[in-house]
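Labels run A, B, C, D, E, F, G, H, I, J, K and L following the written order; every chain starts at residue 1.
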Amino acid sequence: MKRVLIINGPNLNMLGSRENDVYGSRTFEQIYRDLESFAGEHDIKLSYFQSNIEGEIINKIHASRDSVDYFIINPGALTHYSYSLHDALKSVNIAAVEVHMSNIFSREHWRSKSVISPVAAGVISGFGEKVYSLALFYISGL
Amino acid sequence: MKRVLIINGPNLNMLGSRENDVYGSRTFEQIYRDLESFAGEHDIKLSYFQSNIEGEIINKIHASRDSVDYFIINPGALTHYSYSLHDALKSVNIAAVEVHMSNIFSREHWRSKSVISPVAAGVISGFGEKVYSLALFYISGL
Amino acid sequence: MKRVLIINGPNLNMLGSRENDVYGSRTFEQIYRDLESFAGEHDIKLSYFQSNIEGEIINKIHASRDSVDYFIINPGALTHYSYSLHDALKSVNIAAVEVHMSNIFSREHWRSKSVISPVAAGVISGFGEKVYSLALFYISGL
Amino acid sequence: MKRVLIINGPNLNMLGSRENDVYGSRTFEQIYRDLESFAGEHDIKLSYFQSNIEGEIINKIHASRDSVDYFIINPGALTHYSYSLHDALKSVNIAAVEVHMSNIFSREHWRSKSVISPVAAGVISGFGEKVYSLALFYISGL
Amino acid sequence: MKRVLIINGPNLNMLGSRENDVYGSRTFEQIYRDLESFAGEHDIKLSYFQSNIEGEIINKIHASRDSVDYFIINPGALTHYSYSLHDALKSVNIAAVEVHMSNIFSREHWRSKSVISPVAAGVISGFGEKVYSLALFYISGL
Amino acid sequence: MKRVLIINGPNLNMLGSRENDVYGSRTFEQIYRDLESFAGEHDIKLSYFQSNIEGEIINKIHASRDSVDYFIINPGALTHYSYSLHDALKSVNIAAVEVHMSNIFSREHWRSKSVISPVAAGVISGFGEKVYSLALFYISGL
Amino acid sequence: MKRVLIINGPNLNMLGSRENDVYGSRTFEQIYRDLESFAGEHDIKLSYFQSNIEGEIINKIHASRDSVDYFIINPGALTHYSYSLHDALKSVNIAAVEVHMSNIFSREHWRSKSVISPVAAGVISGFGEKVYSLALFYISGL
Amino acid sequence: MKRVLIINGPNLNMLGSRENDVYGSRTFEQIYRDLESFAGEHDIKLSYFQSNIEGEIINKIHASRDSVDYFIINPGALTHYSYSLHDALKSVNIAAVEVHMSNIFSREHWRSKSVISPVAAGVISGFGEKVYSLALFYISGL
Amino acid sequence: MKRVLIINGPNLNMLGSRENDVYGSRTFEQIYRDLESFAGEHDIKLSYFQSNIEGEIINKIHASRDSVDYFIINPGALTHYSYSLHDALKSVNIAAVEVHMSNIFSREHWRSKSVISPVAAGVISGFGEKVYSLALFYISGL
Amino acid sequence: MKRVLIINGPNLNMLGSRENDVYGSRTFEQIYRDLESFAGEHDIKLSYFQSNIEGEIINKIHASRDSVDYFIINPGALTHYSYSLHDALKSVNIAAVEVHMSNIFSREHWRSKSVISPVAAGVISGFGEKVYSLALFYISGL
Amino acid sequence: MKRVLIINGPNLNMLGSRENDVYGSRTFEQIYRDLESFAGEHDIKLSYFQSNIEGEIINKIHASRDSVDYFIINPGALTHYSYSLHDALKSVNIAAVEVHMSNIFSREHWRSKSVISPVAAGVISGFGEKVYSLALFYISGL
Amino acid sequence: MKRVLIINGPNLNMLGSRENDVYGSRTFEQIYRDLESFAGEHDIKLSYFQSNIEGEIINKIHASRDSVDYFIINPGALTHYSYSLHDALKSVNIAAVEVHMSNIFSREHWRSKSVISPVAAGVISGFGEKVYSLALFYISGL
């Protein structure tokens, strides 16, 4: 059984109530229910963590060392400046799939640069809430 | 009645005891008392929040969605890199007035760039503690 | 009694007839009438100057040396390249409040840089015609 | 039935015989067979095109206007400079999923910039040959 | 007696279990024991603080104002973007020695720039765990 | 009848007597006579304005609001820095054709950037005095 | 009799069916018919070439050495990176008029730089399909 | 007899009353008297022009074509952006000596770049009011 | 016996008829005859390929995998932007000597950067047609 | 016994007589006496070399190959541009500790970049003359 | 009596035999004779030093501390990179006039930047051999 | 008879004992013997100079004016910053072939820029010790 932790960064708790044209109208709780059902069918134990505090995410990453096999991480805007998050992912031996709901490459200029990507296994960006199931689908096939 | 929340970012709890030549010698508590008196006269309900933790400020912004009409925000040094704060302000439907006590355009080079300004209604920079009353005066006139 | 001179730079004579979505629909003459009434109540002697010619503004700044206590200056697009205006303000001993009706930080990239700010007492940007009364309010409290 | 065309750019005909540490040891023909079997199960009509010549890829994109619903495109190194490919994708009304087998964000500096991404629906980068099935999985769910 | 506070930033709690080739195999607790013994011999009262949360470090810095004479600070990746930490150090009157276990000047390009250095008394970078004892040795000689 | 105003910026009064290898040997008066004859045949009322003073050109643009249908503007070196001219053209509702006698893209590096182009209908550069008749020919065909 | 070859680069075969708001609704064949009629009246022998393949355009340029007097070239997106096209134009002794239907200076940032302009006689940008007749009009007057 | 025109740009009329630590305490009229006496002894006919208006300086340069042999020009802050002044100097056949009273290379960063220098015979910067007599001394020796 | 393929990129078919001051007056056929005679004496089997089409060169490189030991490649202007060519050379196991007839480091700025060099064994630039025989001489000595 | 060579670069012979506020008032001879006494107690054989000539320092580095175990090098301003010194250190197998008396990160912008650091074991900057004893202390503990 | 030392940097020993169009045809010995005669008349004791070795110039600057009142320094190409020379001039208390025979602002791009200017009293550039007498004339008037 | 001087810059005296993977294991003396034998057969008089001191190389270049026909110069790391060497080569009328043993274009970023190339006849980089014989072969064929 694969153990997968989804990590959502700052402001992603606002999904469903914020900029619906960019991020869709479903809350993450609704999205998560679908993901769990997919996980259940593919021998994946799914868990979920969200924080608006960079350091709490780092704490969670450290604490996952023996209990998680894969991260699916949507770092929110930390994507663009949090070298601390970069270092945290490097400090544990867990493959991370970086996801972004919007296409970060066709928005403001500063969104096109990720300081997380160099330590991610790969990046999925721009398919709305589908980025989470794509990441899960990828992990299920490993 | 207008509901206004003043948000002060990192290190602004040190007002009055830090770099007095730049920031003046009054603590924010002293400044706040004057602001409250102005607010009282202009049908404004004023409240105040300070944190040195970026994510706590984001939490506060989210939590203000139904209880606040305007933000007056002095992001401290988060001004210059916190895209997470930028996204937080965008995620709620509350006009924000960005204020800086010092003139950020005539200090170190990196202080002249704000990543918050693009999502602020406007910016007031460089009049010492008066930036708060200017922001309040502006809101009182809306 | 405080003597305040409002200086408007290039194209600001077009207020009210130009890009109303950005600058509002009132002419500066209409705005000025309100400012005068505020000034009258606060022991401020207000005067006003507009020119589309950079050098005439510089002349006016020089000529104000003994007759003006504060400038409120909206340099228009000179904001972004007129080092001569920068030097003119530096050459007299009069505090200048720099104002912009639109939020120059959320428009074209080149508008976010001001060569005037380093010699201004402070900057107020993005509150429409209110920037003038905010500046006046600030001066009235000195 | 969805009609999907996979487009592979320059040098991708060398898969399986080139830099196996980066791109894996399977030829694209082998990969394609698996994709076809997935497609068959999901009511997708899959086709495939590869060329080392930028203009031939543009020709193919134009010619697909009435016969294709989705592109899965791996532009190879054209990713980094072919504004012509960018324009070609914009000139037809077909959603394109951009894929890269390697994580382009953790290799040479110039590989981290894509001129294609702004006109892609989304980007999947860094999961080896799995990027094709991820793209297909995404399309199957639309 | 000199009072010295060692502050370790994000991810430094992982010392000994993370990237041993870069950071060595000892935990900070082991390192700290040696430092304490040195401190004991040189009339230094040593204490220690670690957090992954930027704002908690700032809080600690503020709280140290009357109880600490020198900081030895390893800001981790905050080194490269935390202007808030920069401002926090400036807001108290305590000399800070900035240390880095790896040579930040011979790693990724972004690691060679420190936003903390301008407010540090000095910088020691690249001698592994020895940077802490070097800093202590320096302070002991003041 | 179309009303067209040709505006020539700084130094263009020197045509015919200045750098003949770059700008040709005819004065603008000679050029203008030919343009008038073309205009006469195409139901165009042509007029002409030249100034070396940026602000006078802005004044002229403002004053043209009800009496001119098209501008043909050769901003001279103001092309490269006059954001005030940019704003002036934006402030009136008159289409402007930007012309340059020399090919500004094959001279000094700074000449290849125009701050006027973003608000021009189009740009004609590099055909000597013919740029004026090309602009007129274009307008005549509207 | 002047011999003029119009060269259209990548994606210009899509005229009339692509992004009509930017490029108009007429196909190039329709545009060309009007150009031929103008050419017929001005002793110009007009011919036309389009390719999506950079190298084929270069081949055509070389082959035109003895049979063409002027090029009218719309390089499409090759404008922005094809130094090979730059060199091809330099390698033959034929004056080239560079044209762009849209105003390349008021679109995406990368479109404002042309690597072709330094070897063109002049540039006409932003008048829709009229850029071709403007170029022809210019040549007819030589 | 050599005819020399001294041209002073914006704000130089303020000499003697402005930033005395940088520019000295003498007015230009006082300085000029000394220069005239030197000129008288060296068969030089000296004249003088100052304006705060860029275009008036350009007009003066044009008008000097037949009556002046050498310019001594202190462009003030126009030094840093007035390409129009650059072009004006190029449009007449008169050697220009560029002077600056302060050492423009050791002040703000933007002051170290002159757009005038490429068309000046030479540059003298940083010797206070002596730059004028140095220029005159140079011309007297030609 | 060593098998060497000379690959010439865009516009090199014009040698002898193009910009003789830069590239000399001999056609490549004339140059090649001399090279063949040198090759004959040194047990080298020489062949030759030229194309103006980037993708055809890539095809040729792929096709050479079992029949060529060394490339001598003059990529023409592809030198400066063709990352596809870069990848093609990396995808085969054949040492490539990069040659340029002109000194690319003393011409236009953009010519001084080669995207091919990082995957070449070495570079020879600036000795006219001699660069081919130098490359051959080098290979003959291996 | 460890053999340590201290290398001081250009202008460091002026210690004690130059910019005392930055570098202190002791000559290096005085500093050296203290270092020798420390060395004596720690089984270190200390020697010293100073030159203002870059090449002589390189010669000394080469000549040290068999007689020195560690360098303590203060390259002076060579720090910022001497790639030759960089290469010299790389060409011998001797660990080098780079020291700077002033904090090079809080002075002029160009001083914050060291071309030496990438080949140094570590860097100590900003503790005045103490940087030498810190380096020695570090070596003594190896 | 004023003691003035002229310092010429690398390659200036070649004056008179090198690039006469740029530097004139007189050797420095010839130039020096004229300078000496001027010096004689103005109570100036002139001496002269040239070296192609950066460090020897630094040695000379140090050695001049008690025997020289003013430097006239032409650093040659050291102008553009020798921070060591910058530091040397700063380490002694002697005013330095920086001179360049050619106008360094109208030649190659890299020549327009001087790392020496910030520590020079002033700069004279572009009047051929006259720059030396201009500097002497300036000093004579102090 | 052709007279050729080989000039080797800083650190090249370490050949054979330094970084053998990059530079090979032979000393330059061994390499030189082979070059002399080639020279003997081709009527070339070969000589050799090495120095770690930039100024001594410049002296040697000057002194070669009447005794040398060609330079083969390997500037070592001076390649990347010695504008003085650039000027020295320009000051004599001797063609210089610039050589580098390693491929400077595929190493650290700063090694890809040569300030010497613009004044060299050509550049040979990346063939190990063969670069010297390639240069000699080229000269022998002139």
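The rule is short, and it goes like this: contacts are C-beta pairs under 8 Å (C-beta built on N, C-alpha and C of every residue); 3 or more make two chains touch, one makes a residue touch a chain.
Bear in mind that the values here come from a model prediction, so they are computed numbers and not experimental data.
Here the chain-to-chain distance from chain D to chain I, counted in touching steps, is 1.
The pair J-K is the one among E-J, A-D or J-K whose contacts match those of D-I for more than half of the residue pairs. Per-chain CA centroids place chain A at a distance of 31 Å from chain E. Put simply, the C-alpha centre of chain E and that of chain L have 48 angstrom between them. Chain centres here are Cα means. That of chain A falls 55 Å from that of chain L.
Annotation for chain G: residues touching 2 or more other chains are 53-56, 81. By the document's touch criterion, interfaces exist between A-B, A-D, A-E, B-C, B-E, C-F, C-H, D-G, D-I, E-J, F-G, F-H, G-I, H-K, I-L, J-K, J-L, K-L.
For chain E in complex with chain A, the residues that touch the partner chain are 9-11, 13-14, 17-19, 51-56, 76-78, 80-81, 110. If you check the complex, the residues on chain B that touch chain C are 103, 105-106, 112, 114, 117-127, 130-131, 133-134, 137-138, 141.
Within the complex formed with chain F, the chain H residues making contact are 53-56, 58-59, 62, 81-84, 86-88, 90-92, 115.
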